[in-house]
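To keep things simple, chains are lettered A, B, C, D, E, F and G as they appear, and every chain counts its residues starting from 1.
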């Protein structure tokens, strides 16, 4: 059994891809998270069909996250 | 009586099909879940009318899941 | 007084029709449910105007269900 | 003071009109409800501009209900 | 300090105008409410641009209410 | 550190501008609020591109509020 | 591990960029927040494609925030 929280811990300091409820896709290095799956990403990039936008360090609210894929 | 949680336990290490609130359909091997029905899938694939996208290992937030169908 | 939970218990092993928030209509044999009205259906079919899709055994998240009609 | 719950109790075995969040209007005999305002209706009919659809006995999830009007 | 609950108590047996999340506007005599701001209105009228619809006695679910204006 | 609640207390009896989830903008004198950020405004005005509508005394449900700007 | 709350504390008195659920982007100096991630910003500016709007001091409700990027 791989608990979701355990996989998040294993993904610390690795890059992850987040899909948000509004359809945005973010990629960044996971450097922290809390019990509500709020997360802190570093070197975050938002990739859309047109371009890549660099966001740097970002706090993401857990209730806007649909899926988290460690790379 | 087959409790939803019991069926999830029985589906461990089997492939399941998830329907998400945003209409996306994911298929992958269920390797973990928690009390909020957050799930961990392996060898995940997203199938749309146009194509299949390989997502690998993914954490899904339970509150975005509409239905779970074990294969 | 017919409590909603009592009617669910009486509907066990009978076919029920579910209306989901996204407008989908599912029909299947109710074989389990929990306190959050998460449900397990067997021999589930999704009926749309165009066709019937067989879904087999399905876990439905209670917070996506609008109504449940025992047959 | 007429508490919402008291009015629901007084409406038991009477017909009520429900407005749901998705805009649907249901009418049926209220035969039960619980603390979450989940309700059981009998002889339920859904009335749209085009037609009346008979739904029989139905469990309604309280969090989809906008208003309840006893007849 | 006028607490929201205090103003509701002071509005008892007076007419209030409710704005609901779906944009509907209701006016009626407030005859009861509970801790979730579920309300009971009497002589309720729904006013749209085209017409006035008489709804009589209505239970409103608090989580669908945006604002309450005592008259 | 200016806690959100502290700023609300300091804004008592001053005019504030509220942005609601449905995009409406209200301005009024804040005369009360509770732990859920339900608020009571007096001399409330709703300003749209076309006109100003006087709403008088209004209870606002906190879960519909996006932002509060003291004047 | 950088907990989301710790990063918020470190961002105190620095400018942050907020993305809200309705797509709006706000930038301001973070001067306070609470356990629900309600925040207080000073010298807040809303930037859209057409213009910059000065909002001054603003309380933001945490459940409308998608992401927070310290500058």
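The criterion applied here is as follows: contacts are C-beta pairs under 8 Å (C-beta built on N, C-alpha and C of every residue); 3 or more make two chains touch, one makes a residue touch a chain.
Predicted model only: the values in this text are computed from it and were never measured.
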item	value
Contacts common to chain A and chain F (chain labels)	G
Chain D to chain E, fewest steps along touching chains	1
CA centroid of chain B to CA centroid of chain F, Å	42
Distance from chain G to chain F - Cα centre to Cα centre, in angstrom	19
Chain B and chain G, separation of their C-alpha mean positions in angstrom	34
In chain E, residues with contacts to at least two other chains	63
Complex contacts: residues of chain D adjacent to chain C	12, 20, 22, 31-34, 38-40, 44, 55-61, 63-64
For the chain A and chain B complex, residues of the former touching the latter	1-8, 21, 23, 37, 62-63, 65-70
